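To start, I am sharing the structure in question, which I have written as structure tokens.
Chain naming follows the written order as A, B, C, D, E and F, and within any one chain the residues start at number 1.
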Amino acid sequence: MSRFGTVGVALRNVQRADAGTVERLGVHGVATIHEAQGRTGLLKPYMRPIYPGAALCGTAVTVLAQPGDNWMLHVAAEMIRPGDVVVVALTTDNDDGMFGDLLATSYHARGCRGLVIDAGVRDVRTLAEMKFPVWSRAINARGTVKATLGSVNVPVVCAGVPVEPGDVIVADDDGVVVVPRERAADVAAAAEAREKKEEATRARLATGELGLDIYGMRDTLAKAGLKYVE
Amino acid sequence: MSRFGTVGVALRNVQRADAGTVERLGVHGVATIHEAQGRTGLLKPYMRPIYPGAALCGTAVTVLAQPGDNWMLHVAAEMIRPGDVVVVALTTDNDDGMFGDLLATSYHARGCRGLVIDAGVRDVRTLAEMKFPVWSRAINARGTVKATLGSVNVPVVCAGVPVEPGDVIVADDDGVVVVPRERAADVAAAAEAREKKEEATRARLATGELGLDIYGMRDTLAKAGLKYVE
Amino acid sequence: MSRFGTVGVALRNVQRADAGTVERLGVHGVATIHEAQGRTGLLKPYMRPIYPGAALCGTAVTVLAQPGDNWMLHVAAEMIRPGDVVVVALTTDNDDGMFGDLLATSYHARGCRGLVIDAGVRDVRTLAEMKFPVWSRAINARGTVKATLGSVNVPVVCAGVPVEPGDVIVADDDGVVVVPRERAADVAAAAEAREKKEEATRARLATGELGLDIYGMRDTLAKAGLKYVE
Amino acid sequence: MSRFGTVGVALRNVQRADAGTVERLGVHGVATIHEAQGRTGLLKPYMRPIYPGAALCGTAVTVLAQPGDNWMLHVAAEMIRPGDVVVVALTTDNDDGMFGDLLATSYHARGCRGLVIDAGVRDVRTLAEMKFPVWSRAINARGTVKATLGSVNVPVVCAGVPVEPGDVIVADDDGVVVVPRERAADVAAAAEAREKKEEATRARLATGELGLDIYGMRDTLAKAGLKYVE
Amino acid sequence: MSRFGTVGVALRNVQRADAGTVERLGVHGVATIHEAQGRTGLLKPYMRPIYPGAALCGTAVTVLAQPGDNWMLHVAAEMIRPGDVVVVALTTDNDDGMFGDLLATSYHARGCRGLVIDAGVRDVRTLAEMKFPVWSRAINARGTVKATLGSVNVPVVCAGVPVEPGDVIVADDDGVVVVPRERAADVAAAAEAREKKEEATRARLATGELGLDIYGMRDTLAKAGLKYVE
Amino acid sequence: MSRFGTVGVALRNVQRADAGTVERLGVHGVATIHEAQGRTGLLKPYMRPIYPGAALCGTAVTVLAQPGDNWMLHVAAEMIRPGDVVVVALTTDNDDGMFGDLLATSYHARGCRGLVIDAGVRDVRTLAEMKFPVWSRAINARGTVKATLGSVNVPVVCAGVPVEPGDVIVADDDGVVVVPRERAADVAAAAEAREKKEEATRARLATGELGLDIYGMRDTLAKAGLKYVE
């Protein structure tokens, strides 16, 4: 299948990342996961949650949609399994409100944990009350048609990052990060190690000790030529 | 009067949309109203509320203002009648903070329900405490002068949408929609019909039934050529 | 020292604005301070707080950082004295997440009141829980390197405004304003006078009296040619 | 007809502005026309010509198109009469390349003088060679579908300005201005008067005489409080 | 290798698309190629040529660079073979001027046909005189450091599109399109077929015949409900 | 005088940078000057010339203007001496067309070499024919009023960079750079040294020699951990 996201196809069976690994990843924040996989996989920062405190971790059902057209979001509903997150990429930049409370009701009923959409979303107050988390590029009441095919469960590029069906999606107030399915266990382990190390550092920093000393930066700063002036 | 919003005029008497119709429209969200009038009348999505949960419905007093100049917002205060919403358009793009807690105190005292301004607003914390809702293109403390005439109660284009004095303005977390005065009753009826229909659909979707089946999309998808892959 | 912010220098001793004056300034909002110093000193409005209700007043420790590199934010930690606010400018536009909960723990332990950064910030939920206020151009989990020198406590231009170490920084929901150290007392006095005057005006406006009459605008509007139409 | 641009309608017979008046307007630049009608009618400045020196004046055939869909541009071809300019507005922001060399060949064959489109355009090198002038919000090779109805010859808002079929469109390197059909003769006369007056001013300025003296600004500057410092 | 573009690797041997196929693709414009491969592969339209008439076709050497750091562009120089095009993606958005006349001299000497860079470029006048074509997101004189590793010849996402080393890059005034190496021959054939078909259509349109009739749209428009009004 | 640019003042006598030094700086491009002064002084890259090949070097007359108001540009005309460049900063972001062919005629008659304006400009075709170079943030026909004071020859921040009257301004296709008057001779010398060194490098690169070898990067790349893969 083309890496550009073939149009007109819907895959029913997708291998999801291991459920236990998903749970392990879900206890960490987006920043930690992003660091743990070598500073990769982070969606562009224009992707924002629709309410403070929104957070999720799940496996991707991917959607490729056309501008102003949410037809494929209905096709995707059937593909959702409990624990999934729907990730919507578009063939071109578009801010229209492709998703609202009706689709959220449907997705929620199918066990979907939330939505990541490189387009607009509407009915955001209702979605917040439903505790259905969404990360989007816009909040926009503009409605859409159902006229042109896209695809479901093909590789997509969402907000600058390649996503494949079954990948792990972690999202919180800091944004959205994608963990490739095949790397999920390694990244979970790296995140746990990082978190442990940071805890110790945090405790030292809280006493007023300086990062300059904890991380041993004074020598490299001097070598780089930093001049302290009294 | 020119459709471009003549400068230097203030109209005292404006025919408002019928009060009962305004109340009927006010029970619906922006997305519903926008759909009910054929996906028209929605301001561009950069218009955002200054606090979550802000919502209003009222009749428009329109203002055409110059960049960096809020003189006409003072002239508009006198035109406000209880139930009005002030809608401010500018002659050119400008983000300055044209409206703050003093004008809000004045507008509130005159019975104004809120503000829609294609410019900046300030004192937003105080406005939130006053529960005075505002939709704006920016939050900006920058002050403005009172030096160049605009107009009050002329036709304007606000955030991409033509607004006439007396139109109905509905705004919530999803944005702002304008309903022309002469169409208000029809749109209210259409919104009510749509809402009723959506309730039934929502109940079915909540059980896990698919939109594909409820809306009968399977045939049209097949005709359009969608290929399901197992 | 160059007004362009020399690279490779860290100043240890900086004259801060007088502490009593800082407290006097801190009781006013950003809009009031900005007006009190002749509508100057306001950072561009893309600088937004990471949580509603964030507010601070303190003295500036300035940082000049390179894109994608937060090394100098560690150097700055050592320069912080209780009551300081760290102000980060960049040599070029960059949205990376240069500051997170570890640096916040460190800064907080040193007595820092908050951060103003013309770049990105991450771990925003934790920062909100810590009540560590930040104003930034972006929320972004993207991590940064420690490879290239910048400076600490040199003159910088942050979000369009020249800032010098020791200046007073006032920030709230409306944005961020800089008060030059040497003008701080005068601006405090002007802000107090303005506030007093506004209180009286507010009371009159609250009764429904018009700004047109309170400010005596009717004559100047007539001279400018405003035509009232019944 | 709704001021919001009804969808699904194509008007065959439109009253164009008087041909002689169009020619009179065509000898002036966009800045002059915009000033002559009281600084109104100018499209937002993101509308740029695809090649330097592009210029046109003609009567508007208006199009309302859907995002990513150029169907209505084909419907419009039939409505073109010699001397027309096609003006395309969209129901939502979209940058796709709705117009290329094939449509340009068609439009040119029908006597069309050029295109103003609040979307993207492609084949720009060929269009430049054809001397077919276009003003657009983007240059973009992205292709579009023909699936959803818009309208032809209805009132639209293009790049912030209301346009009606038959209006005069003037465009050059400075941008695009719309002159309402019913005001065309008055604006032509005002433009001619302005041009004549400017010629005399230009001659005086060319000798080094100052605008301060020609326009008599010294007194008003002094009254406003300008202080000259030696 | 990770689809996210591993950091710290430089691949020397890359399989390029077949040279003959590259030449076949090079006779078509970007719009034609983009259509011929099913409307995929087009970089976002903010990628613009630095001079009018710039055009190229060649095989990709890919670079993943850090913000404000052009080190990897020097590493890439060694990988260039005659007929290559260097494609630079960044780990984060950055507009700095990573490429100028010195690197262009080097690349040109190695047989490079041009540059596609999702960052800034400088010395654009000299590059235009050298006829060294560049497509970039910005023109920017800002200099960069050589401090942090990226990679050469790994998969990248450039301006929204996944690119692999050896892919075919076609660029002209309309933008930049990527053709995957393994699909190059098929796309060349499809482009040729499309071009031939368009020639015939162009000839008919040039006589004034309408696309409505050539493409047989009248029926589908009627079915969709378009109403013609006299 | 406040570093924020006091409003209401016009300075008649300003010490310009030495004329000989200005000429020495004028033979170099913007990128060279920017590097020669330690990568500082470069205006943000949104400042673009209105025609290709525009270039200038001269001494700054600074203007602080209000949004939508070009009054101070007339005051500045009187301050121009042969060899000057007018640099316009605004109190807030604004794109209006503050400068056109009349002011250009006046400025040219006074010996002005060109304009750098963080706002809009109009009549660009005429300006190009006059060979009057302008760098601006927008091309925009929108006219402006003459109602509110700004200042002439005060310190300003233009497109992110502090500029003082008498500074040297160098501008070309790559953008605009400011050289502080007091550093002008040093920067000229550094630019000459850099240019000489680059000439030798350019000759070596033109033979196909690699920057990796000329700059001796292979060791540092290896130490940083770059892995070459065959």
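As a convention for this text, a residue touches a chain if its C-beta (ideal position, glycine included) is under 8 Å from a C-beta of that chain, and two chains touch if they have at least 3 such contacts.
Quantities reported herein were computed from a predicted structural model and do not represent experimental measurements.
Visitor: Using the touch definition up top, find the fewest steps from chain C to chain D.
Guide: Minimum step count, chain C to chain D: 2.
Visitor: Look at both sides of the chain D and chain F contact and report whether the same residue positions are involved, with over half shared, or different ones.
Guide: Counting which numbers both chains contribute, under half are shared, so the two copies meet through different residues.
Visitor: Using residue numbers, check each pair in C-F, B-F or D-F against E-F and return the one sharing over half of the contact pairs.
Guide: Interface equivalent to E-F, from the options C-F, B-F or D-F: D-F.
Visitor: Which whole number of Å gives the spacing of the CA centres of chain B and chain D?
Guide: Roughly 28 Å separates the two chain centres.
Visitor: Based only on mean CA positions, could you tell me how far chain B sits from chain C in angstrom?
Guide: Taking the mean C-alpha position of each chain, the two centres sit 31 Å apart.
Visitor: For chain C versus chain E, what separation do you get between their C-alpha means, in angstrom?
Guide: Between these chains, centre-to-centre, one finds 42 Å.
Visitor: Among the residues of chain C, which are close enough to touch at least two other chains?
Guide: If we look for residues of chain C contacting two or more partner chains, we find 39, 91, 93, 95, 142, 148.
Visitor: Can you name every chain pair that touches?
Guide: Per the contact definition above, the touching pairs are A-B, A-C, A-D, A-E, B-C, B-D, B-F, C-E, C-F, D-E, D-F, E-F.
Visitor: Note which residues of chain D are touching chain B in the complex, please.
Guide: My answer: residues 2-7, 37-41, 44, 91, 93, 157, 160-162, 164, 180, 183.
Visitor: Would you tell me which residues of chain E are touching chain C in their complex?
Guide: Touch list, chain E to chain C: 66-69, 91-96, 142, 145, 147-148.
Visitor: Using the touch definition up top, name the residues of chain B that touch chain C in the complex.
Guide: Residues in contact with chain C: 8-13, 51, 71, 74-75, 77-78, 95, 97, 100-103, 105-106, 108-110, 120, 122-126, 128, 138-143, 146, 148-149.
Visitor: So in the complex, which bits of chain C are touching chain B?
Guide: Touching chain B from chain C are residues 29-31, 34-35, 39, 42, 45, 48, 52-53, 172-175, 177, 198, 201-202, 205-208, 210-212, 215, 217, 220-221, 224-230.
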